[in-house]
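As written, the chain order gives the labels A, B, C and D, with residue 1 at the start of each chain.
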Amino acid sequence: MRKILALLLAAGSAFAADEVLAHVSAHADRFGAISRQIWETPELGFHETKSSPLLQRELRANGFDVESGVAGMPTAFTASYGSGKPVIVILGEFDALPGLSQKDVATQDPVTPGAPGHACGHNLLGSASALAAVAIKEEIAAHGLKGTIRYYGTPAEEGGGGKIYMIHAGLFKDVDAVLAWHPGDSNNVSLHSSLANNGGKFRFYGIASHAAAAPEKGRSALDGAMIMLNAVEFLREHVPQETRIHYIITNGGSAANIVPAFAEVSLIARNPDADVLNGVWERIMKCAQAGALASETRMEFEQGTNYANVLPNDTLSEVLGRAMQKAGGYEYTPEERKFADEMQKTLGAPAHRPGPETVKVEKTEGSGPASTDAGDVSWVVPSAQFTTATFVPGVGAHTWQAAACAGSSIGRKGMVVAARTLALAGVELLENPAEVEAAKQTFAKRLDGRHWTTRIAADSKPPLDYAMK
Amino acid sequence: MRKILALLLAAGSAFAADEVLAHVSAHADRFGAISRQIWETPELGFHETKSSPLLQRELRANGFDVESGVAGMPTAFTASYGSGKPVIVILGEFDALPGLSQKDVATQDPVTPGAPGHACGHNLLGSASALAAVAIKEEIAAHGLKGTIRYYGTPAEEGGGGKIYMIHAGLFKDVDAVLAWHPGDSNNVSLHSSLANNGGKFRFYGIASHAAAAPEKGRSALDGAMIMLNAVEFLREHVPQETRIHYIITNGGSAANIVPAFAEVSLIARNPDADVLNGVWERIMKCAQAGALASETRMEFEQGTNYANVLPNDTLSEVLGRAMQKAGGYEYTPEERKFADEMQKTLGAPAHRPGPETVKVEKTEGSGPASTDAGDVSWVVPSAQFTTATFVPGVGAHTWQAAACAGSSIGRKGMVVAARTLALAGVELLENPAEVEAAKQTFAKRLDGRHWTTRIAADSKPPLDYAMK
Amino acid sequence: MRKILALLLAAGSAFAADEVLAHVSAHADRFGAISRQIWETPELGFHETKSSPLLQRELRANGFDVESGVAGMPTAFTASYGSGKPVIVILGEFDALPGLSQKDVATQDPVTPGAPGHACGHNLLGSASALAAVAIKEEIAAHGLKGTIRYYGTPAEEGGGGKIYMIHAGLFKDVDAVLAWHPGDSNNVSLHSSLANNGGKFRFYGIASHAAAAPEKGRSALDGAMIMLNAVEFLREHVPQETRIHYIITNGGSAANIVPAFAEVSLIARNPDADVLNGVWERIMKCAQAGALASETRMEFEQGTNYANVLPNDTLSEVLGRAMQKAGGYEYTPEERKFADEMQKTLGAPAHRPGPETVKVEKTEGSGPASTDAGDVSWVVPSAQFTTATFVPGVGAHTWQAAACAGSSIGRKGMVVAARTLALAGVELLENPAEVEAAKQTFAKRLDGRHWTTRIAADSKPPLDYAMK
Amino acid sequence: MRKILALLLAAGSAFAADEVLAHVSAHADRFGAISRQIWETPELGFHETKSSPLLQRELRANGFDVESGVAGMPTAFTASYGSGKPVIVILGEFDALPGLSQKDVATQDPVTPGAPGHACGHNLLGSASALAAVAIKEEIAAHGLKGTIRYYGTPAEEGGGGKIYMIHAGLFKDVDAVLAWHPGDSNNVSLHSSLANNGGKFRFYGIASHAAAAPEKGRSALDGAMIMLNAVEFLREHVPQETRIHYIITNGGSAANIVPAFAEVSLIARNPDADVLNGVWERIMKCAQAGALASETRMEFEQGTNYANVLPNDTLSEVLGRAMQKAGGYEYTPEERKFADEMQKTLGAPAHRPGPETVKVEKTEGSGPASTDAGDVSWVVPSAQFTTATFVPGVGAHTWQAAACAGSSIGRKGMVVAARTLALAGVELLENPAEVEAAKQTFAKRLDGRHWTTRIAADSKPPLDYAMK
């Protein structure tokens, strides 16, 4: 019955839909240029000192009320338009990745070798979300729609967890629904989740000694790390197979002829289910303790990234699904087709993936391989996400190919699909508050009595220099 | 001054020496035959049910008062002759080693493949000591010497630690001096020690699970053992270099498709210094605990062998040194020479070792690579030990070559050197109680305030089936 | 069109179906008693010297032409009735599992601790298949049906791979379709597959040395095994997550004071895809070679079990699905219900599993956690398999619970469901050779140009003593 | 006979001895100041751009013929005076150690935290050797002694191996004897050797992959390193116990969420015997190859430091022994005593070590725990070395305490003892060429047919930036 009503309402708002899509079109070039500008100055998490102000300026210029430097993060901001309920938030991100500098060409060719690059397409993410917010604002303004549209500028998604500090700061308390998207290689709405993750630094402290003259007087911190990591390897067999545990040794001693007094491991674990992850994490901690115990060293753990898995919202996914079907995909120009073909040749295996003209709306569940702090938001407010074809089919995030696409016209076309979908969904939620209520009910159902938890203490400071370590 | 006195006394007892050597000669064939009989029926520790009675019968027939089954061990016994102080004990052993069955030939050729063999020459050890005891008894009887000569039949030297239970049973309380010897490849008296050792079984208990269907539900006991042992390997760099740690995995799981619920490691550690060993042992225990911690299994330790290092006694070593110089070495017959030459070809490297005609008396200290429960006795009563050339030069204990020699005429000749040395030293101690007193003083000096400790609880039962496990 | 035809034919043969089910009923008690008799004398693989002859006698008594001791395996046999095409084979197994002795009660209670038990229900498997063969034979005899029904007595499914030697011996060359079943906890027909597996013994040969006296002269075979296994643990992260690798150490040295000259690992790897498994296996071999290289030991591999994954056959699964729906499930008596309730309490978690009255026919694919040599047959001849509710819902194979059920009336009821399903399917195939042809086409489609390969050499002898090692 | 002659000759040159000691005294303050100047500007190996020219200037000013930048090393130089045979070389070093900056006080207090410091006292080493060379030159000049005295300025002893490149460049070809010394905590001449060492970088190259999304596509270079190092740990048990193997992980991956494509280990091994070390090294290489094999990565080794053990020269040691006995020790002032007492409190255990007034001359052999490229020189030319009490008794090299002493008056007093000893010995060798000939004979005897080998290729370039990596 609710579905039938929704369809009727959707039909009823067809005019609104056309209008808001026109607003998107009107601003598309402008925000496309902004996305390109951000792409050209890739900035690491919490250091988005050009990208964040650029988006803030544009939103302010479009009548949004902008508050910057929120939640203790200089590059975090909120932009708000309208008033009263419902409060709809669209999430924006704009941080880049280290070491993935790349030109907008189909061969690996960094702008500056070793420099950051937008290999996760957050230049598009932040810009499309802002474009949609502006289009919705214009629809609110034109028709006096009740409710509030907000854009949240969330820094440092790539490990810094800006959204978590925004939750802790209470910025999601009055929010009714959250819409988000992420660049991808296809236009897709589903109930897919992400991997909950947890990570940090394991530091071992031993006793230095001349490694040739008195090794028996030393207690090797590196031994502590090695014993821990060996134990972690044995753990792999005995955790659910979807679990991921990966690590590097960030400090393995200072001189080969000195028994290392210090060693450091950076380790991340993931699982589609946060509870399962917590169980695995306890066992990783035991491995670390065992490393210290057996090597007679001391171990300290510093909490790093901790992202929840995405809690899908069936109602909002249906809204987004209808919106994307209305929004539609796009076609490549001959030049774009050539670029895509060339790029696909650089991928190992053939990509049997849908093209940009395809829109895929499905109710499949399961977890992708990535983690995001949008997951944490999804446990606090009803949220839904989707991807659009900003990357050539087969291209994965965190690759030079993704960085190249993010600066190309293909990226900008995918970005417009995202903005159209968000704008349509946002307007639908504002026009039909019943959808927002339904989303709250499916939210409660998915929560099933659970509630959001995080290892990031509510009173902790954002790790503003995490990307520089 | 004391030395000069000793020399005078030694000279004065020259007639006694000649007499006691004559007693040894008179019984040498008989005890040689006994050594061969024991060699032909090699019995593992605590199961010397033929060897022990054979020696008991012979000692009883020679007038000794024999008490069998002492200290809770069916094959342990004491044989005593004479009365009053001093009480001199000669140690006898008669257990064989598993898997070292060998004929008395110069090529590897087991009597029964996989069966035990006398590869440590304890058939000679027990027989020569008895021969010496009988010779001393005859000297006591002939001259009405004051004091007591005893033979202690000590089972299970190869891991069972029979002597430790005899100490616990109080059998060394009234003893004034202990003389002992061990088969070797040269005639040698020195202040050498042995390695203190400690060992036992580390048992890990986990949770079985189908290794393909539900590995995540299993907790692998074998993982516990592997993590422990990996940690032990890392420990090696950080212990004094003379330390030895060696292990086997005695149970590594029951079926490859089941997560092992049980695993067992047998591990021994050694160091010339028992205190250092105790420190190392604590760290091995931490490795074991770390293995259990990291694998979420339970670890139990069962105490096994724990032998003290030998505490040398300078006085008794001087007595033995003089005795051996009087006793002299022996010459090979042409057949024995041929046997020795052939056997030496089976050894990897050339043996620049003294021949059986050589007697080497030195005051060098240091530790050999072996461990013995005679070490424990040496912390309780002044004790000294020596070796004689029962094995072809270059042959080490616990080899098929040693087992072959132990059954040959070479072994029996070396055995007679040992009996002559023990008999001479025993008579000297009985005739010169001042030597015994001096031995007590050097004993106290070497102890330096320390006292014997053992991990074998005073009220524990001898592990009568240890060799069968 | 083919489906409609099949439905018509199925309807047309309704009388045949009723008849063959009557034949099953007539013999059900007799074969139930046989299943119990096999259950009472559980025999390990290749040693089914009572179970195999028992089934042979019964089939011979029912007019089958029996050839025993085929393919070099004393307990393998073929039993044949009828003539000409199509040739339909029903697979029978009858081997037990080590260490899983169990009474037919709902608490863990072995008949003889440590002895074998029918924890995989092969007593039911072999008996139900024979019951079905006899029922089909009677239908052939009654109506002069064209074609041949055969029962293949396949020994040692639990690791010995009897079916592989029967393939090598050419016994499947003239076969047109294979029907099989396996005891389970529900009545289920699907397109599920099994895990391809491969396994064997990795033997390391080093140089023994006294571990305290000359560890530097030893080359530890156990080190070789440990280094290999450590490397295997590191491998886990970098293989597809569905892969399973599990191992035990079957020989970890003979004495803690000897550097191990020999060590042995038994390892199995699995993956739903045989090609992927082959790739993983190459890398496991590299780990083993690395163990030998780093420890200066020699490694030898002895091929063990190598089973292919099951290649589902869509046509035959449809035939079996219709047959099982016709065959139907069964109800528990109050006593059986009580038994089931008590047993379920012994299972860790609640089992939300369908009961024995339910029949589930589905086209889902995917791989179960088990491996079987019926997988190899499925790459050579069109084959399909199903399970019936011989075990209480929630009970997995290779548990004492499964062994208890296999001897109970519940097991026998499930066995009759299996016989009814097989009998119905067998008669349908004989009556409608077009189904057999269709099965061949779907077989070719699934093969997709690939063909059966195995690491078990065509000229190798069956490892008749594998279960005794 | 030779000894008696030597004593006579030594007595005969008593006047020369007094003279040369007077020359040392005359220049002692000047070179003491130079040592302090070098101490104040500590420079790492091959970067001694102030220290080397300072010494060169002083030697040139004293009439030496200086050739700088020899053997491809900007800071290496030779300084020569006199002509003809014998050619006596005194070795000088002047490089500092990283991270050991320290003021000349008795508490740990760096001048610049993290900066280099003269914790091996090479500021004293280079200055005392130059002081001795100048004193010998004056004796040559005064008496027209035949022969040549040279000072070799050898950079980068701490890992760069400057002397090896000077050997390769032929600079030792015409040299008859080499005298050297090293700062220590006592005045000592012996036949002690050093540890031969070998080291380098093991680099592993794998395939990067997203560690959560596609770990199975990655080949972890860190796994390669870990498997290698685990294998190295297992190796420890099976090498001679005097062996040392120590390592750090210099690169353990770049991001925890990326399978590491690169990892690097820096490893050093040592043994008193170069041949034994070579055998051990081969096995370490196998461990590294095993790491690559098992992880499917590629391993490359870059040769680093390779120093030979010191080959003692009995003749030259006797010359130095007599010289040091003549040179004598020194006394602390009350202030120096206070400094020494305070510093000894910072040492863990009490130092039962001889004071600076003691001179110890002995013929003991054995190996200290350090390694030096003077070892390589000792295999090419008869060489001998000694230590003087430049450090407070109990202070070891490579500590902040050593760095403090090296800048203090204690250091300068010890330096004068060294200069006196070298000067006396140098003059004796020039006056008595028969000693030089005798030294060549003992050299040949110690070589026993062996000759110098090194892993540093004759045509390789000095690793001028090794200390900066």
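Note that contacts are C-beta pairs under 8 Å (C-beta built on N, C-alpha and C of every residue); 3 or more make two chains touch, one makes a residue touch a chain.
Bear in mind the structure is a predicted one, so any value in this text is a computation, not a measurement.
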Chain labels contacting subunit A and also subunit C: B, D
Most distant chain from subunit A, judged by the mean position of its C-alpha atoms: B
Between the pairs A-B and B-D, the one where more C-beta pairs touch: A-B
Cα-centroid distance, subunit A relative to subunit B, in whole angstrom: 70
Subunit A and subunit D: spacing of chain centres that average the CA atoms, whole Å: 56
Length of the line joining the C-alpha centres of subunit B and subunit D, rounded to whole Å: 47
Multi-chain contact residues (two or more partners), subunit B: 215, 226, 230, 234, 237, 241, 246, 259
Touch list for subunit C against partner subunit A, complex: 230, 233-234, 236-237, 241-242, 245-246
Footprint of subunit D on subunit C - complex, ascending: 215-216, 218-220, 223, 226-228, 230-231, 234-235, 237-241, 259, 283, 286-287, 289-291, 293-296
Subunit D residues touching subunit A - in the complex, by the definition given at the top: 98-99, 195, 197, 199, 210-215, 217, 222, 226, 229-230, 244, 246-257, 259-260, 266-268, 270, 368-371, 396, 398
